[in-house]
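The two complexes that follow have chain A in common; it is paired with chain B in the first and with chain C in the second.
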Partner chain A sequence: MATKDERYDKMAYEFIKVSITAYSITAIIGGLLAFSLFMFYPDFMKYMTRLFGPTMLAYALIFFAESASLYIYYYGWHAMHYGFLKWVHLTIGLVLNAVGTMLMFLANSWVTFMLSPGGVDAAGAFQGDIWKVIHNFLWNPINLHRFVANIAYGGSIVGAYAAYRFLSARNETEKAHYDWMGYTANLIAIGALLPLPFAGYWLTAEIYAYSQQMGITLMGGVFAWLFITQAVIIGALFLSANYYLWCGMERSPGAYRYTKYIKYIAGVIAVCFLVWFTPHTLILKPWELKTLGGQYHPFLGPLGIMPAKNTAVNNMLIFTFLSFLLYRRANKIPTVSWAAAGSAIQAAIFIAAILNIVYLGVYYGYFTNTVYKVASSVPQVASTLTVIISCMVIDVLMFKGAKDVGEFRWGKMPQRSQYALFLLAVSFTWLMGLMGFIRSAIRQHWHVYTVMRDNSLDAFTPTIGYAAKVVSIATVIFMAIVIFIFWLSQLSAKKQEDKSKLHPEVIPYEPAAKPLKPETETE
Partner chain B sequence: MKIPKLLQFAVLVLIAYGIFKAPGWFGVPIPGSLIMMYMFFAVVTILLVMTSTEKSAQELFTPIKALVDDPSKAMTRNVVFAVIPIIGAVIVFNQVKPSFEAPVELRATHPAPPSTLRAFNKSFNIGTLENPMRKLAKEDPAKFKELVKEGGVVYYRNCFYCHGDKLDSKGHFAQGFNPLPLPFQGKDTIAQLQESFVFWRISTGGPGLPKESTPWLSSMPIWKDLLTEDEIWKAILFIYDYTGNVPRSWEK
Partner chain C sequence: MKIFFRVIVFSVLTIVLYMLFATQYIPPINPAPPPKEEALNLGAMTMPQFIALGEKIFNGKGTCTLCHNPVVKRAPLLESVAVRANERLKDPRYKGKAKNPADYIEESMREPSAYVVAGFGVTGTNDTVSPMPVITAGAIGLNDVEVKAVVAYLLQLGGAEIPFEVPRGQPVAEKKEGQAAAPAKTGAEVVKKYGCGGCHKIAGEAGAIGPDLTKIGAKRNVEYLRRAVLDPDADIAQGFPGGMMPKDFGDKMTAGEFKLLVEFLAKSK
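This part shows the complex of A and B:
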């Protein structure tokens, strides 16, 4: 509605078509999960239903509202395409998102209650206030984390769809369209990915604040190595997002001015990445253990703790943003008189923020005491956000009315760049499975932490290898379903040719029928 | 002279490998498991940079394509196709060949504490517990100094055999244990912990460790059976004071 660019409308329509199938599959799998829970954990589900009964009913009703808004939104697309009706259509779309978010928040309350029960006494008896049960200690941190993550994940899945269509495009117009779609989706994914670590950090800090035991189990104890795996996948996410931006510079004739910086950005991101996944407790061969004299490395040990990780991830975010800024200006020449000063101010902000982040990480992380060790993360995040917001504002003002270096070439992307989009979607899915498992498993032998034990005979906490295999298989199955949905959406656009009309000579002889005349001349 | 991209790639990979191996030449090796992870991402990053533009990607891949396609390179092709599998075979052989070395263990050394601790005929809430003597550091520094000194006596009578006279985990008995005792020096062990955590670990020792991540194989005795509550708190004051660390406090 703002740009009147038809491409956005086409992209939204195309993807809502995909979403319709995904919605049905979600409902089927959700039903399967619910039935399985009632079948395998009847007592636990009885307890949860007794507590959350009203919210479950509300969930079902909101699900109806979501279905209604989804179908009206989809089937009313062409009927509400112009003028005021388009605004009505847009509103329905927003309602669809709002009710979907409400559904997620409700389901989150069930999950977080299991981690941080509220509104019940020590024996698990309901205290009479349903709001306290819903609004338990971890509800809001997980609401925020999932809200941001869903935007990033949605962007990555649309990106994967665009990549799929780009690779199977039959002409340059299609290629250009799906290239643009992939870029837009990637932008949404990266836009949400940048604040996601902060939301995740808040969630983890709240878990630790709620229960030191759960916090240490999560990152220091039994699941520490899954966190290293998580760090590796997050690093892959950042690398693939950056790689897509670097490859995207090929679309701009003026990109040659900036491609020389790619290697430096990559170098910094790689170093940050290595710090990011360096574990505190190392896997050592006996001779290495003997040489080092302990489980901790004298130089790498300090990199294994949170101040180093926070410093690394903030710098990774800043340099990913730098990739984006270079991409943005690759084809532009600013026309404002203060362009040189603007660029200098941007550079100064970048340098000041990086120095501040490193100083905060090193000084407060290693040379001060107590709570500052982790509390320095807040000013570090503030530095990163300052860079992103202030430099973006300067950039937008500076490149307003800027000249183009040449014609921007949508579709001129190497095929390998599209695999970066696939990797983004796969990494997100993998991460979600992995972190979902960890979030759930830190309860260990509790259905509801400290309130209701899991006394099933065959209950156990999976080993990390077993868990990683199950999560990986689930990721493969999930991605197979996603590809099936993509294929289905293409199938719906195909029309079989009526060969009988094209080639009358192959029609079987019917004595009672009049002789047929071809309606279309093929030659 | 312009160095061919493929050669640049090989040189950069070798430089990265050299950087990761270098600490080992000075007696502080980076573990092989970590070098493998580092190298994987170093190679990936170098590849990504070299294929980020079409021109660069072509320069990188053209010699490889030529090696496969070009009939005049048949001899080189045969050599490369023979050497690569041999290198792969040597790596695989070295990884799977039987050895007398004990297998590598994936060990978590940061156990999760319980929420409460039963010791000295009372219950302690680990989530809020503070060292009752810590406040004297400000209120009565002379008394605090005295307590630290007493903590030192407790330490050298009981703990130093394993944790070392410099608190660096190099005590007389240390090499007899696997895992080795925890060093208290540095900013990445006790500096990251609340005193309640340290109190729990000392009080209940190896047998008090949680069920997950077993076998812990900790040889730490149950000190609550051998020391008084005050002695444990004093020993904690000493280990922080000696190493120049300040315990982590609870977030307000």
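This part shows the complex of A and C:
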């Protein structure tokens, strides 16, 4: 509505078509999960139903509201396309999102109650206030974390869809459309990925505040190694997002001015990545332990602590943002008189923030007590956010009314760049599974932490390797369903040609004849 | 179709790569099994054995060393707590009721905020609130004997005198959710105690997972009702899946409670 760019409308319509199929599959899988829970954990579910009964009923009713708004939004697309009715349509779309978010928040309260029960006494008996049960200690941190992550994840899935359609495009127009769609989706995914670590830090800090023991199990106990795996996946996410941006510079005739910097950005991101996944404690054989003189590597060990990792991740975010800034200005020449000064100020902000982040990391990491080590994270995050916000504002003002170097070429992307979008979607899915495992696993032998123990004979907390195998199988199934839905969306756009109308004079009966290749597209 | 397969192969390869990393590079550490309540023969236990028990709990079930250790220093070290206790009892910031080191140590386990060592309080509370969990509740849940054993260990560690004997009573059994100590006295109490209303419509409760039992006495005889409680899958009510009802009510209920329940059901007409 704001840009009047029809491409956004087309993209939204195309994806809501895909979402309709995804929605029904979600409902089926949700039902399967609910029935499985009641079948395998009847006592636990009885307890949860007794506490959360009213919210479960509300969930079902809100699900109706979501279905209604989804169907009106989809089927009313063309009936509400212009003028006031388009505003009505937009509002229905917003209602659809609001209702979906409410559903997620409700389901979050069940999950967070299991981690940090509220509104019940030490024995788990209900104290009479359902709001306290819903609004338990970790509810809001998880709400925020999942809200941001869902935007990033949604963007990555749309990006994968666009990549799939780009790779199977039959002409330049289609290629240009899906290239633009992939770029926009990637921008949304990365835009939401940048603040995600901060939401994650808040969640972790709140876990520590709720229970030190749970916090230590999470970060310092057997699950500490899981964060090394997480670091590798997030590193892969950042590298693929950056790679996609660098490939995207081929669309701009003026990009040659900046391509020389890419290798340095890549180098910094790679170094940050290596620091991020350097473990602190090493699991060693006795002779290795003797040779090394301890469980910590003399040079690499110091890189394993949290301030070093915070320094790495903040620099990774800053340099990803730099890639984005270079991409933005690749095809533009500023016309404002203060352009040189503006660029100098931006450079100064970048340098100051990087120096500040490194100083904070070194000071808090190696010259203070353990209790204060995490204190570096907040000012480091503030530095990163300052860079992103201030440089973006300067950039927008500086390139207002800027001249184009040449014609921007949507669709001029190498095929390999599209696999970066797939890598994003697959990595997000796998990582989501892994983090879901740890969220659940830190309860260890409790169904509801401190209130209801899992006393069953088969109860055990899986190792990271075991969980990784389960997550991998789940990701394969999920990606198969997603690719199937993409394929369905293509199928729905195809029409079979009527043979009898095309060739009325010849209607031979050929049992072994090949069917006509359906090529006619509605779009 | 070529694109379809390329995309599938690429996705599967990425997943396999991540899986290999997590299974081959990451060391396979098995999370500890849930701690077990050990049967203690307190009658024959000597004080050195009791102190050794305290040390075991301090390093194990009590999870004390997660924070009270010289590497991470998340909490004060406790080697000389028995010596320092006397100074802390005189400190104006002390809010507890203990009169000697033994009581001070026990109090700090039950009410960690009674005295917070400077620099170890929750951020922003000016060392008035301790981040330590109450170790007799929640996930750690030490019983009274275990608490005493840890106190004895810490006193001995600091070279202080242990002013109590090994407790000769049995540890207090953990109270489990939904299990009242005393047996129920009426059929309706039995229904409430064992949570029948969570699944069944019965005695004013409206569970919907299992069959409605408000008029079950009119339809079924006593023998059937007895069997339905002890062996729920022997006869499955029409329209309900089997295997849903727990099979251990016969083990959990007292004979009197079982009798009351069957009579209550038979009278529900």
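Everything that follows uses one rule, which is that the second predicted complex is superposed on the first by the 497 of 523 C-alpha atoms of A that agree within 3 Å, B and C clash if a C-alpha of one lies under 4 Å from a C-alpha of the other, contacts with A are read in each partner's own complex, and residues count from 1 in each chain.
By our rule, a contact is a pair of C-beta atoms (placed from the backbone, for glycine too) under 8 Å apart; a residue touches a chain by one contact, two chains touch by 3 or more.
This one's a predicted model, so the numbers in the text were calculated from it and none came from an experiment.
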**Report entry** Fit or clash - chain C, chain B, common chain A
**Finding:** clash
Requested in this report: Scan A:274 for contacts with chain B and chain C and give back first, second, both or neither.
Outcome: first
Query raised in the report: Is A:147 contacted by the first partner chain B, the second partner chain C, both or neither?
Result: neither
Query raised in the report: So, A:444: does it touch chain B (first), chain C (second), both, or neither?
Result: both
Report task. Tell me which partner A:408 touches in the superposition: chain B (first), chain C (second), both or neither. Result -> neither
Requested in this report: Please work out whether A:366 is in contact with chain B alone, chain C alone, both, or neither, and reply first, second, both or neither.
Outcome: first
Query raised in the report: Is A:213 contacted by the first partner chain B, the second partner chain C, both or neither?
Result: both
Query raised in the report: Looking at the overlay, what does A:63 touch: chain B (first), chain C (second), both, or neither?
Result: neither
Query raised in the report: Looking at the overlay, does A:459 come into contact with chain B only (first), chain C only (second), both, or neither?
Result: second
Report task. Based on the superposed arrangement, let me know which partner A:416 touches: chain B (first), chain C (second), both, or neither? Result -> first
Query raised in the report: Among 26-34, 152-160 or 188-196, which stretch of chain B shows C-alpha clashes with chain C in the combined arrangement?
Result: 188-196
Report summary line: The intersection of the chain A residues contacting chain B with those contacting chain C is 209, 211-214, 216, 220-222, 225, 232, 283, 369-371, 444, 450, 461, 464
Query - Sites on chain A touched by chain B in the complex - result: 209, 211-217, 220-222, 224-225, 232, 235, 239, 242-243, 246-247, 249-250, 259, 262-263, 266-267, 269-270, 273-274, 277-289, 291-302, 304-305, 365-366, 369-371, 373, 375, 414, 416, 444, 450, 461, 464
Report summary line: Given the complex, residues on chain C that touch chain A span 3-4, 6-8, 10-12, 14-16, 18-19, 21-23, 26-34, 63, 66-67, 72-74, 119-120, 122, 131-133, 137-141, 175-178, 195, 198-199, 207, 209, 241, 243-246
**Report entry** Touching residues on chain A, where the partner in the complex is chain C
**Finding:** 38-39, 42-43, 46-47, 49-50, 122-125, 164, 167-168, 209, 211-214, 216, 220-223, 225-226, 228-229, 232-233, 283, 369-371, 419, 422-423, 426-427, 430, 434, 441, 444-446, 449-454, 459-465, 467-469, 471-472, 475-476, 479-480, 483, 487
Report summary line: The chain B residues in contact with chain A across the complex are 23, 27-34, 37-38, 41-42, 44-45, 48-49, 51-54, 57, 101-102, 104-115, 126-127, 169-170, 178-180, 183, 186-189, 191-192, 194, 197, 210, 212-213, 245-252
